[in-house]
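So, here come the structures, one by one.
Next, two complexes with subunit A in common: one pairs it with subunit B, the other with subunit C.
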Partner chain A sequence: MVMALRTVTRKSGSKLLPRFSPAALLHSHATSFGFKEVREEEKSRMVGNVFSNVASNYDLMNDVMSAGLHRLWKDRLVSKLNPFPGMKHLDVAGGTGDVAFRILDSVNSIRRRAMQDVLEDDIQEETKIYVCDINPNMLNVGKKRALERGIGEDKSLLWVEGDAEALSFGDNTMDGYTIAFGIRNVTHIEKVLSEAYRVLKHGGRFLCLELSHVDIPVFKEFYDFYSFSVIPALGELVAGDRKSYQYLVESIRRFPPQEKFASMIADAGFQQVEYENLVGGVVAIHSGLKV
Partner chain B sequence: MYGSTAKRLLQHFGAPLVSSSGTHMIRFRPLQSLVSRSHFSTTVNSEPFANEPPSFANSTSSYADEFPNISNSSSSTADHTRRSRVEYQDEQARVLQASLPHVIRLGWSEAAMIAGAKDIGVSASIVGSFPRKEGMLVEFFMDDCLQRLIDRIESSPDELKSLIPSDRITKLIRIRLEMQSPYISKWPQALSIQAQPVNVPTSFKQRAMLVDEIWHGAGDDTADFQWYVKRTVLGGIYSTTEIYMLTDNSPDFRDTWAFLDDRVKDAFDLKKTIQEATYLAEAVGAGMGTSLQGFVKRVFQG
Partner chain C sequence: MVRGSIKLLKDAGSGLSKTLADILVCPLSKQPLRFCEQTNSLISDAIGVSFPIKDGIPSLVPTDGKTLEADETIKTEDSEESSDKHEADGIGSH
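So, the complex of A and B:
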């Protein structure tokens, strides 16, 4: 949902929301903030303010649209991943850090620590969770949230700016790869999948959490009504932005259905490709194994 | 031979894929259509990796022969995936095999599997891809032991032929239980894992196969109702001996073998069995008789 809005603002640029196009703002070294002229030092602060406002709306919109369920979906994603100490994990399009925080919590949990040998504490140090996002502002929001949670200084959490279609990581370096609500908005899904395959180690797992297709008869009608009538109205009400949320629900419909997406994952070279529908297909978690 | 037939039966009629409430899992195979491949794929998961990699490769290559005309999206990926089709199950089997030495120290747990994966240079994320984690480790071990038992039976048939049936049974059970003795300190955990509802179908099936194999090794060829009786009885003997072994501290498990001998002799001692059955019938009859008498009296008096 977050990525949707970002993509929309980038695509429609200044037409839609002149002030809320962070990419345009960043690329210009000029000291323009929308229609205003400001000093350079102030600009980053003002951008920060703007994005904080918008970002906080995104989280609120996520909560409102999914009735808080998106938290459970992310929990399920991380439990399927089964993180372990010493893991090298890459979370793509995970700007605000939701999934990364959960993985870190899981690895550091008391229960897990209780199971470990004392000698293995140094392995704990080697855990590295990379949060990769194409948009540096979202990364900054994530860093801020990490500070608020008290894990800002944690050496295990690393924020990297990068493009999912051309990752800067080496081959066979990652134990796990997740992408939550991001793959719907990339330009070339196949490229992202092949990059994911490239960076994963032998035995590594790919997991993707994404809004998907509902086929259950009665529920489908209700979901369509909710998507096309309720969500854009909520977008208007809460975030002041109907068109972006209209785009969001349309893009969900345009994304390949579960089976097709699973075949794309298999084509990238993954084995044991499976998917799990949550809430009857509103959300699906696809997983694959690299051998 | 029967053993290999049993293996093939297991491959064809493996336990169904369990789907938890509210979710829907599908195993996806790009080459073959879901319908034709589905039962193979489900068994691949619950079927334990008793087959050594070469035999597994042989059996799947026979599957590939069976489906030569499958249409697929691109021939290059087809070749790649057909060649590497067996790989992920093989990798999982290798990880489980490498985890067994760690079980003694870490128990039948994820920690052992993670250590095993690290040993062979596979990312420990693969542990997340096992649907039932510890359950699969125990099942792998059970199948490994069964396979070793079968090999042992087939490699030295004369050894058994020279014994009377009850001794054959005793020897076979003893051989099988001795395979568990290195893990005996953690075996109670394995039993509790096997007793979990999600693991029960597979563990029950494995034990049924084990008991069947032991009877077959002892030269049994009944084809009537007795087949069930014999297997049930042997199942009981095996389970009780297994549990006795958990608390046996005698050197080399001497007491367990003595216990086993007694149980097998009891089961084979027909006269004693008939006598016990008679006593039981008398006791039941007496109990029922007096209560029936009392009931009738009360009815006609009241």
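So, the complex of A and C:
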């Protein structure tokens, strides 16, 4: 306990952690990088390497590995968010823009419908979707894709390189927060959740899409085989990178199961915490409300 | 595509949009950031750390922060600067 405290203090300087919370005491020095135990300082660097390696093939590999299903999962995530014109939204770990583009599309389609009615001026209040990712390579992929989609100049999309554990947004500033396939890779899940809670306005919704745990007997065996035998091979074949995809499947197994993660979200202060399993728990969408 | 690229370069030169600079806060102190045109960076006067802007994208990962030199902090009125500065030393050194 005392040693953990000392490490945190030495690493960042006590003044730099004004919001230092008891949760920080719960962490040990060691954390997981896939099935490997690594030092906490190591994990972010190693995860950084993985995502720098996979950035250029990221979307292709997502399509290949999930047979295109990740698109439907992201659609589902955004439909749960209920985006609205004028909303301020933060999408964390969303460098390639996949979730942000969907939110923007959804807002724009609502706006178009509203325009056909009357008085649209109030609705024109600026929508802002902040895309925050710790990895500049992923952000560059996203910015490039925005240009290709003809929304490179869209004032609603804003790109920020930042850390989910130490967000650079003020308290109570966001109507929504999403993190898709990101929280599994962070070093301290609790810190990410408490930062999400901090930046959300009262009434703001937290939504997390993450690869989760399958508990259905025969399907589980198939899924394990697919994960440990097929995915690393696909990674090698398609992206020329077996190791990064080995990390991917291991990190999924190390992530807390649905119930446990839900209780962590509640511990961060969120209410009405619930989750929905998709494809038998291959992925889950957790949600919580800041009231 | 070519036009897009040129536009992107132009944006990179001009730093970042005003709205973005206005909403962002220091990831460590959660205090406002000041845009410095000369160095094209965002400065957290509260802890005397500057964060770079790369290709128009502000980089606010704590480990990307650089402790400000003494002459750079003179511009700021905050008198607590020097006492906080030393403790920020660790963050840029990874």
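Convention: the second predicted complex is superposed on the first by the 224 of 291 C-alpha atoms of A that agree within 3 Å, B and C clash if a C-alpha of one lies under 4 Å from a C-alpha of the other, contacts with A are read in each partner's own complex, and residues count from 1 in each chain.
The definition used in the following text is that a residue touches a chain if its C-beta (ideal position, glycine included) is under 8 Å from a C-beta of that chain, and two chains touch if they have at least 3 such contacts.
The model shown is predicted, which means the values in this text are computed figures rather than measured ones.
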Partner chain(s) touched by A:205 [first = subunit B, second = subunit C, both, neither]: first
Which of subunit B and subunit C A:276 touches, first, second, both or neither: first
First (subunit B), second (subunit C), both or neither touched by A:251: neither
Touching partner for A:153 - first (subunit B), second (subunit C), both, neither: second
Subunit B versus subunit C as contact partner of A:168, first or second or both or neither: second
Contacts of A:140 with subunit B and subunit C, given as first, second, both or neither: second
Subunit B versus subunit C as contact partner of A:128, first or second or both or neither: second
Touch list for subunit A against partner subunit C, complex: 10-19, 41, 126, 128, 130, 134, 136, 139-140, 143, 147-148, 152-153, 155, 158-163, 166-171, 173
Contacting residues of subunit B [partner subunit A, same complex]: 22-30, 73-74, 77, 80-81, 84-85, 87-88, 91, 95, 109-111, 114, 117, 121-129
Residues of subunit C defined as touching subunit A within the complex: 1, 4-5, 7-8, 17, 19-20, 23-30, 33, 47, 54-62, 64, 84, 87-91, 94
Subunit A - residues contacting subunit B, complex: 80-82, 84, 86-87, 115-116, 175-176, 200-205, 258-259, 262-263, 266-267, 269, 271-279, 281, 287, 289, 291
